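Consider the two complexes below, in which subunit A is the common component and subunit B and subunit C are the respective partners.
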Partner chain A sequence: MDILVGTLLLASMYALVAFAWVLMFKTTGILNLATGAHLAIGAYLFDTFATRWELPWAITIAGWLVSGLAIAWVTQMGLFRRLAGQPEFVLVIATLGLASLLKGVQSLTWGTDSRLIREPFRDEFYFLPGDAVISAYGIATIGVAVVVFVASGIFFSRTKIGVEMRVTAEHAILAAQSGIRVDRIYIIGWWIAFSIASLAGILYAYNTALSPNMGDALGLRGIAPALVGGLDSIRGVIPGALIVAFAEVVGVRLLGGQMQDVTAWIVILAVLLIKPNGLFGSASVNRV
Partner chain B sequence: MTTTTEIDRPRTPPRAIGLAKTGLVLAAALALPLMLQRYQLGLVSNAMILALGAIALNVVMGLAGLVSAGNAALFAVGAYGAATCAVFLGLPFPLTLLVCAALGALVGLLVGLPALRVRGIYLAIATLALHYVVIFVLSRYQAGTVGPMGFVLPKANLFGFVLNEEWKWYYLILVSLVLCFVAVNNIKASRIGRAWMLLRDSPIAAASQGIAVSRYKLLAFVFSSAIIGFSGGLHAYYHSNVYIEAFPLELAIQVIAMIVIGGWGSTGGAIAGAFFISLLPTALSLLLSVLPRNAAATEFLARNVGDVQLIVYGGLIIGFLVLEPDGLAGLWKRWEKRLLRGLGT
Partner chain C sequence: MSHDSAIVLQDVSVTLGGNRILKNVSLDFAQGVTSGLIGPNGAGKTTLLNYICGIVPAVSGTRRILGRDATRLGTHDMLTAGLARTFQGAQFVGDLTAVENVMLGAHLRTRVNILTAALRTPAAMRSEAEIRARARVALERIGVAALADRQINELSFGDQRKVDLARALVTEAECILLDEPMAGLSAEEKDSLCEVLRELRREGGPTIVLIEHDMRVVSELCAWTAVLDAGELIAQGPTDEVLSADVVIEAYMGTGQTA
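Up next, the complex of A and B:
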């Protein structure tokens, strides 16, 4: 039973991070290796507004969203717009440079020790049958993940911007021809991915602590559920997250704490070996 | 129009100039131990070991157009292979280096085989996974055998010639680097090298020319992994010490920065980038000691050297990609052209 609770909790955080990876890959075609750095930076920004400056919650959330938008704007207009038309591997290396840069900035700005983040409500623990415990923040985390997925489903099927994003993902040039402002779509893509990744970071901070290695521990590893589900498949994110979270929880249970850092990567190597396109991924069209 | 003059001019400088250039560089490299102190020579040797890794990564990234984040892991495989051969098996130094290269190739094959079946981009993910898994396994291995201080290697003995002086190491590493440089440049000019570059520029065109895309990509990755494994073994013997903290992911990013700065696909550029990046910390601390004692700034920089390095590497990667995609090699070519024109050739 506690394995189930642990899996669900971890899976909801992994699902959010993997969503950010898949969203970037689908809308802009970029494998964003800076997702981990984004996750950490976003969570630290939130912490700055919430804990250091003790702003009201509404302003904290607004400030976090606006700073995410600013980062997305600079990333697209300052960097990736100038690299438009470059081959895939150049873009990936650019995100790697970005990751290194952001990681340095993060550690320079916020230091290297873990900290607790200001809580909107007191944490409580609930005992479930079968020796399982879940905290109020654990329940909130699972709830937030569900809400995000329902909301994004509505966003991509019902709203104009959501549909435009899907069109751009299908074919950027045709989208531009039909009057969609592709740059703006890409900025929104970066923004949503940044926000969702850092939302996972914030939830992680409420469940454990805000720590500098969060970017690697949750963000970078979030590529595992994305790959298991299929890098270009939003549908695959949730099963992918469940599988990786289950493997990690069981791995830690059977073989000890040090397995936490490595299970997700072993899953990646296994998936590449067995089913490289993931559970729901489409086989690439020009397979040469 | 510039294009017509471009065609009229010989594309490469005359042979004599090329020979003179090579001779000049080699003479300078051979004379270097006479001019530098022991510590400075050590810095150069270290840079040359990293240059081996950069040349190897350049085969994968610059020629074949694949992204690999596995340099630190493969380097570690070589280093731990050397430590094991030397400490537990007592193999002689030259044989150990061969084993390191073979180990590197083997690990490269195991990771590249599944990853390169599908798309080039999957190699980036697979090598990232490789890094974490290899570092995990090797750290368990180290903890289970020699403990946190790591392996201590004996002095290298090259067919009875003991490498106990800095300058002896310098020449051995220099020879390795030159051999590697020549080998990679020869392959680059061969059928295989041309196939790599074609599949980098257009995989579809490559496939329609009958090039087995996956196989050639795999060949590039395995070949490069062998060189990195070799350089890892060299590194282990040179420092006579191997411990897990020496192989962080940042090292892989550093090597990527080297070849982005040096210039895609240029072997000489990779060496230049390796020197640039590996001498950067020294240059920074030199700068700090020269600066007027602005205590606050100096202390801040000294305390956060690691973070500043991350920012500088990341910034350089992005800056060169956007502003000077051909890197130092491209800059050098332009200067050289101007210089030759100035000389009236």
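Up next, the complex of A and C:
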């Protein structure tokens, strides 16, 4: 039972991070190496609004979303628009540069200490049958992940912008020809990916603490479920996250805490050896 | 002159990767007729189409679409300007069905946001149903209504072409540009597509500009034809005159070899 709870909690966070990776890969066709930096910056921005300035929660959330949009806008119009038409390799390296830039901004602005975020409600622990414990924030984390996935399911399959994003991902010129403003779609893509990655960071901070290196720790860990599920498969994110989280929880249980990273990568290697495109990926992913 | 012209190009020069692809091309495609754009491979036909659609920028020159200056418009503005196109080789979104690909052409008219979609409001459902119905009509017009719900990447190349054309039609654009619609089709498929295009013309459908290699198709469909060779416009006029002009024959045969 506690394995189940641990898996669900970890999988919720992994699924969000993996979703950010997959979303960027699907909408722009590049592996966004700044996903981890997004995760950390977003969480720190949220912390600034919530803890340092003690703004009301609605304004905190609005401020976090607006600053995410600003970052997305600058990223697309200031950087990636100018790189349009460059080989993929250049774009991926650009995301690496973006990651270092954001990390620099992060450590200059917020330093290198871990800290706690102001809590919207008191954390409590609930005891479940089979010696399992779950905290209120653990429940909230799982709930948020479920809401995000249901909402994005509706968003991508039924809304105008969602369909525009899918079309742009597959065929940018055809999309533009159909009257879709491709730049705007890319900005929205960056924005959603940023928001979802940093949501994972915020939830992680509530479950443990806001720490300066969580961008690397959680951000890079999130690519494991994305690879297992298939980098171009939104559908593959949840099973991928569950598999990786389960392997980690069991691996830690059997082999100790230092095995956490190792088990994740063993799962990735195993899946990639059997199905190189991930469990749900399509054969056309040949780029990374 | 300009109010009955669908597309007017003036002194258009395009450079790509340091190569001059188009050299001072001035062209006038009339409204309400089917015009051809021909020329040997590498003459710059597709580049010209891409310039008209705002995909490729020009070094110099202007373009007017349906009487309005379109020089500064971007690709996503073309549809509102009244222009739709198909692509060389069928282009589509592979994980959608045929009818959904056609709906893409009309998607600017949809009004579905996350709230109305989640709540399945009557307005959102109506908007989608209406566009789906129009897409089906367009498929029927092209003669592939039976394939509407098939996944598009399962269709034959010829059928994908037709779906591409239906996507251009459903936009109700006043002018559509077709980039080699017949390439890779069998003789029967060519005949049936020719018939569809002729039918469109008879019904007073959109102005059509057509890039084509098959001269039989060009002389059958196009009242007017322009010829590009090595980036320069070497002839334009009524199709039968253009096709028998010496410069055109020379461009296709190569100079010196015909003597």
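By definition in this document, the second predicted complex is superposed on the first by the 282 of 288 C-alpha atoms of A that agree within 3 Å, B and C clash if a C-alpha of one lies under 4 Å from a C-alpha of the other, contacts with A are read in each partner's own complex, and residues count from 1 in each chain.
What we mean here is this: a contact is a pair of C-beta atoms (placed from the backbone, for glycine too) under 8 Å apart; a residue touches a chain by one contact, two chains touch by 3 or more.
Since the model is a prediction, treat every value here as computed from it, not as a measurement.
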item: Partner chain(s) touched by A:159 [first = subunit B, second = subunit C, both, neither]; value: second
item: Subunit B versus subunit C as contact partner of A:217, first or second or both or neither; value: neither
item: Touched partner set for A:105, first subunit B, second subunit C, both or neither; value: first
item: Contacts of A:23 with subunit B and subunit C, given as first, second, both or neither; value: neither
item: Touching partner for A:200 - first (subunit B), second (subunit C), both, neither; value: neither
item: First (subunit B), second (subunit C), both or neither touched by A:188; value: neither
item: Contacts of A:171 with subunit B and subunit C, given as first, second, both or neither; value: second
item: Subunit A: partner with more touched residues, subunit B or subunit C; value: B
item: In the complex with subunit A, residue positions of subunit C that touch it; value: 53, 55, 74-80, 84-85, 87, 91-95, 104-105, 107-108, 110-114, 117-118, 167, 171
item: Residues of subunit A touching subunit B in the complex; value: 31, 33, 79, 82-83, 87-90, 92-94, 96-105, 107-108, 220, 223, 227, 258, 261-262, 265-266, 268-269, 272-273, 276-277, 284, 286-288
item: In the complex, subunit B residues that touch subunit A; value: 61, 65-67, 69, 111, 114-115, 117-122, 124-126, 128-130, 132-133, 136, 140, 200, 203-204, 206-207, 213, 250, 253, 256-257, 260, 304, 306-318, 321-322, 325
item: Contact set on subunit A toward subunit C in their complex; value: 151, 154-155, 158-164, 166-167, 170-171, 173-174, 176-182
